Amino acid sequence: MEMKQAKRVEITIEAPMENRLTDSLDRAGVTGYTILPVLGGSGRSGRWSREGQVSRAGGMVTIICIIRPERLDQLLEAAFGVVERHIGVVCVSDCQVLRAERF
Amino acid sequence: MEMKQAKRVEITIEAPMENRLTDSLDRAGVTGYTILPVLGGSGRSGRWSREGQVSRAGGMVTIICIIRPERLDQLLEAAFGVVERHIGVVCVSDCQVLRAERF
Amino acid sequence: MEMKQAKRVEITIEAPMENRLTDSLDRAGVTGYTILPVLGGSGRSGRWSREGQVSRAGGMVTIICIIRPERLDQLLEAAFGVVERHIGVVCVSDCQVLRAERF
Amino acid sequence: MRLKPRGNATVADTVLTLAATNLLSPIILFFALGLGAALVRSDLSVPEAAAKALSIYLLFAIGFKGGVSVASHGVDSTLLLSLVAGTVLSFAIPFAAFGLLRVMTQLGTIDAAAVAGHYGSISIVTFVAATSVLQSQGIASEGYMVAVAAAMEAPAILSALWIAARYSSPKEQADQAQDTKGLYREILLNGSIVLLLGSFAIGLISGPKGLADIESFIVSPFKGVLCLFLLDMGLVAGRGLRASAHQLRPGLILFGILMPVLGSLAGLAAALLIGLSPGGTVLLMTLSASASYIAVPAAMRVALPDANPAIYLTMSLGITFPFNLTVGIPLYLTMAQAFGG
Amino acid sequence: MRLKPRGNATVADTVLTLAATNLLSPIILFFALGLGAALVRSDLSVPEAAAKALSIYLLFAIGFKGGVSVASHGVDSTLLLSLVAGTVLSFAIPFAAFGLLRVMTQLGTIDAAAVAGHYGSISIVTFVAATSVLQSQGIASEGYMVAVAAAMEAPAILSALWIAARYSSPKEQADQAQDTKGLYREILLNGSIVLLLGSFAIGLISGPKGLADIESFIVSPFKGVLCLFLLDMGLVAGRGLRASAHQLRPGLILFGILMPVLGSLAGLAAALLIGLSPGGTVLLMTLSASASYIAVPAAMRVALPDANPAIYLTMSLGITFPFNLTVGIPLYLTMAQAFGG
Amino acid sequence: MRLKPRGNATVADTVLTLAATNLLSPIILFFALGLGAALVRSDLSVPEAAAKALSIYLLFAIGFKGGVSVASHGVDSTLLLSLVAGTVLSFAIPFAAFGLLRVMTQLGTIDAAAVAGHYGSISIVTFVAATSVLQSQGIASEGYMVAVAAAMEAPAILSALWIAARYSSPKEQADQAQDTKGLYREILLNGSIVLLLGSFAIGLISGPKGLADIESFIVSPFKGVLCLFLLDMGLVAGRGLRASAHQLRPGLILFGILMPVLGSLAGLAAALLIGLSPGGTVLLMTLSASASYIAVPAAMRVALPDANPAIYLTMSLGITFPFNLTVGIPLYLTMAQAFGG
């Protein structure tokens, strides 16, 4: 299988910020991403869980973005502008993709 | 901790294709995988979200498969046969696993 | 963007063991993690799915933990103590993080 | 049913009056609320699990009540005929739809085949809405129309695939054959068909005594649940329209309004032929007029992955569904009455 | 209760008649629908969140109604005795079950201990089904049987662990001790026990006035919700059977049918001893006969991870649950009547 | 309303009697059950999707019923005045709350502004609980108070942001301005506001005839659903308290009890000024006294990310909500009656 090098960016961010982040990604030309639900977690601000929650306030989502290496910086800048003052985690790893023309 | 090199394959595919993909993996001898729900996403075919959806048509799932490096090609071929004509993303990265005898 | 090397640990474990694992991580000083829901999967003990399940027994969760490389062993030991006799998968990969001071 | 309008003017009047009443029913208003909320980008949303639960409830209730109705009124000699008529309509409508699409729009063959498949199949919520209009007008209908609805879900998919294959290259045909493997099984054992028919059968077996047991779950709260479900459908339709409005050329929009009317005429002809009651006629017309938004889209994603879902989902849920809900059903009712249904 | 069958033949007749009526009740038919749908691999499914919501509703309703019933009829002198009897039964049944499993099947000790634990504990839906059969027969029962049900959930787990420990190597025992840390707390504070007992207490405090407030939520729609829940249980049981049918040796299947009958006899003896009403007797028999599918499996995953869940879940949900639902409950009812309950 | 207590002692008596009755209502008891279960770390939990579905149901039902009530009783001349009064209260209360927080607690300005915003906005469940107390006392109220509730949700957020900006450095102000972009739109089109107002409008249009259609969905089961929802709120509040109890200094707790009473006084004054009915007075007092736990927290996470959510969520859901539910509402009712409301 022909594979190509890419970057996998995983951003865990508060649910109320989701649209801001994806809008910012869109503006930066990053239109491919997948959003995963998050059940709960823990961090410097303590443990939390989505169970029984009604408000979006107390939840997070994880956004996964696979992107060509050369476009990483642009993406990170867009993401950083949004997450900067908010809680959340940005983590980048190397990966390889099939059908590289899609990215 | 004794760890062993492995490959982590992450396939994001349309929900109606889920069974076809896992059947194809099974046939290729890949019996270990984990299926994560996906809330929404964006790609060349635009943004989508599972909110309020009744049909499986409009949703995707992510299948994660950890596998020995030497079996990767077999897995990718099986996966590619299914995703080939469909939308979706296949992404492979290196990882290390505990309890390597399980893979 | 200034990024720092880190480890991404992904542990898929049975739902009834979730609290035991996170408590054990807490005790090992690992307070940052994110818990993702799992829809279903397959392994040596066969295929399973959360659909229609009422009991926690038949489900799994995935816990993602991003951590400084030097603290990895401590985490793995804590995790291994819990998953040792249980089904589940522990997978570690390299990654880079923004805002490294948070980890 | 008491007044049979004689001329066209009167028909139009009746449609308008009916439509006006209809438009102000909570069901339609909640659909409009959802649609509006999505169009202005409110974050109002129904969780996927809740939407699925609502849909399970509706299929369960409508199937069961249909079965009980057949159990109480006995099986009409037209039951089998209706099933056959429904199946034939579902098979046939996609061909008409495909032809019309090729004339009225610039869709490619694959997209046109996929859209055509949706119009041959049915929307159970449109059916339910028609039932509730009939009820409010005091018009009875055959309980087994629920089974006809179930019978009409799948055949259209086969027609769509057949059309698509006819216009495809041999390579594409091979691909499609590959994707279609196991699809027929999946379609026939589709959750909504199984639940609808299963509940129908259980209603048939349990009869009025069974209904009495669960009446306060499936009869009295039904309309309220339907309102919530339509709120959700409005939200989904609105989101779809917002995302894909630019793909809806005038030709497509026109098709989305014309096709259900044509479909309803086919349904009317079939109903007259087999001698359905006025209520049953309206229901068969509505089924023929309605377009699928659950079973067919999922099948199309599997079998015709190159067809653009934005087009067929938006047409079905964003154009034809609201048209049927607001203007269509009153129109079909009036037509059924005018043509002596 | 008016007619007490005198001989065995009559008993068999009564069971059959009752079972036949029972088999055609919507509750059973929806379970069968789910089972069938899963076995033919339909994609019909209930979202996890909806299934959990249904289960919360049932526990809430059954607990509350039990509490109100105690509030209206006063506390019987047998309340405490019943609680003790239930607890003892839950502790004791796993030992009998384990012995039987060792004789009838080739399960290893760990698997046998895990399965045995399930049969000591209870299935609240089986309890609810028995209640609804009693109701349809116009037989009253003690409201506090709900509390007895709650009391019977956990003790069996301890027995299972104790049995497993007895047959384990010291190394395994150390491992189990490690896993079991905090488990007792978890079991006692298990969501279903807390909700059932909590609702019971609230029903007790609120009394008939409280019930009047929420009657149209927890009484009238109850049966309908139960049908949906059983549809889901059928789906889950069917999926389990499909996946693990090959592990169900004849011995295991036989055990899954024999054990509930034996359990019901133990329940009958206890009921006669403490003087429960006929309805209460049937319920205690049903509780003893039923096998857990929520609390015990989760505890076993934690404490006996080497026990194979495919076996205990399939036996409990795929064999014993449908047996109790269809044949068991009518049988227990007839036995209770025959033995002067 | 027949007996108007004359002195303070009598007021206290009435409050206590009312509170005592109130405390034993299933609604409160289920909240307590959830709270207790979470505090002892039971794994009882309501799935997120189910909790959201319950909340959608409540907004749908309360909005619709409010609209129908206005449709049947006509629009009072005080409708507009009430809307204005609500909006002004929502704008104003955060300033008072902020001042009080600065005096009574050691919260920083950002945290204090965020908490203050919550107290200006409203909790719809507290409103519903007050409605049901009024109902059980046979006291009528204006149907449009639902619209007033919706009007009071958002203004407080603006006040909180304005306060925060006043005390921030220019750099922080720039950051906040950045985060606030698009926020006003989001707040106004917040799902709960849209659903509440939308249902209100639909109820207004459909009137009593529409209500008759869906009565057995939104009226009769309402209290039961409310019990389940309060169980969930108890669970969430309990989890919050367990996690953040250490951050609740006595000053904060005192504020969480004092502030609603002060808020209710502001509501009382406004109600007397515009001449609301006694029932309407109690509702305006309750709205003023209640603190948001849905819309405001989400807005604060976006606009004031440095404010600690553990503080404002715990205060709102863990202190003020239970206070209002148990003691507050009876107190406001008694005060309204004492002050000739």
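First chain written, first letter: the chains are A, B, C, D, E and F, and each begins at residue 1.
Quick note on the criterion: contacts are C-beta pairs under 8 Å (C-beta built on N, C-alpha and C of every residue); 3 or more make two chains touch, one makes a residue touch a chain.
If you want to know which protein each chain is, UniProt gives these names: A, B, C = Nitrogen regulatory protein P-II; D, E, F = Sodium-dependent bicarbonate transport family permease.
Note that the coordinates shown come from a computational prediction; the quantities given were computed from them, not determined experimentally.
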Interchain contact steps from subunit B to subunit E (minimum; 1 if touching): 2
Subunit A to subunit C, fewest steps along touching chains: 1
Type of subunit B:subunit C copy interface by residue overlap (half), same or different: different
Centre distance in Å when subunit D and subunit E are each reduced to the mean of their C-alpha atoms: 42
Length of the line joining the C-alpha centres of subunit C and subunit D, rounded to whole Å: 45
Junction residues of subunit B, two or more chains touched: 36-37, 47, 56, 93-94
In subunit F, residues with contacts to at least two other chains: 43, 45-50, 52-53, 216, 221
Those chain pairs that satisfy the touch definition: A-B, A-C, A-F, B-C, B-D, C-E, D-E, D-F, E-F
Residue ranges of subunit F in contact with subunit E within the complex: 24-26, 29-30, 33, 36-37, 40-50, 53, 216, 220-225, 227-228, 231
Residue numbers on subunit B that touch subunit D, as the complex places them: 14, 16-17, 20, 45-59, 85-87
Of subunit B, residues touching subunit C in the complex: 1, 3, 6, 8, 22, 26, 31-37, 61, 66, 93-99, 102
Sites on subunit D touched by subunit E in the complex: 47-50, 52-53, 56-57, 60, 64, 185-186, 189-192, 194-195, 198-199, 201-202, 205-206, 210, 213-214, 216-218, 221
Residues of subunit A defined as touching subunit C within the complex: 10, 12, 36-44, 47, 60, 62, 73, 76-77, 80, 83, 89-94
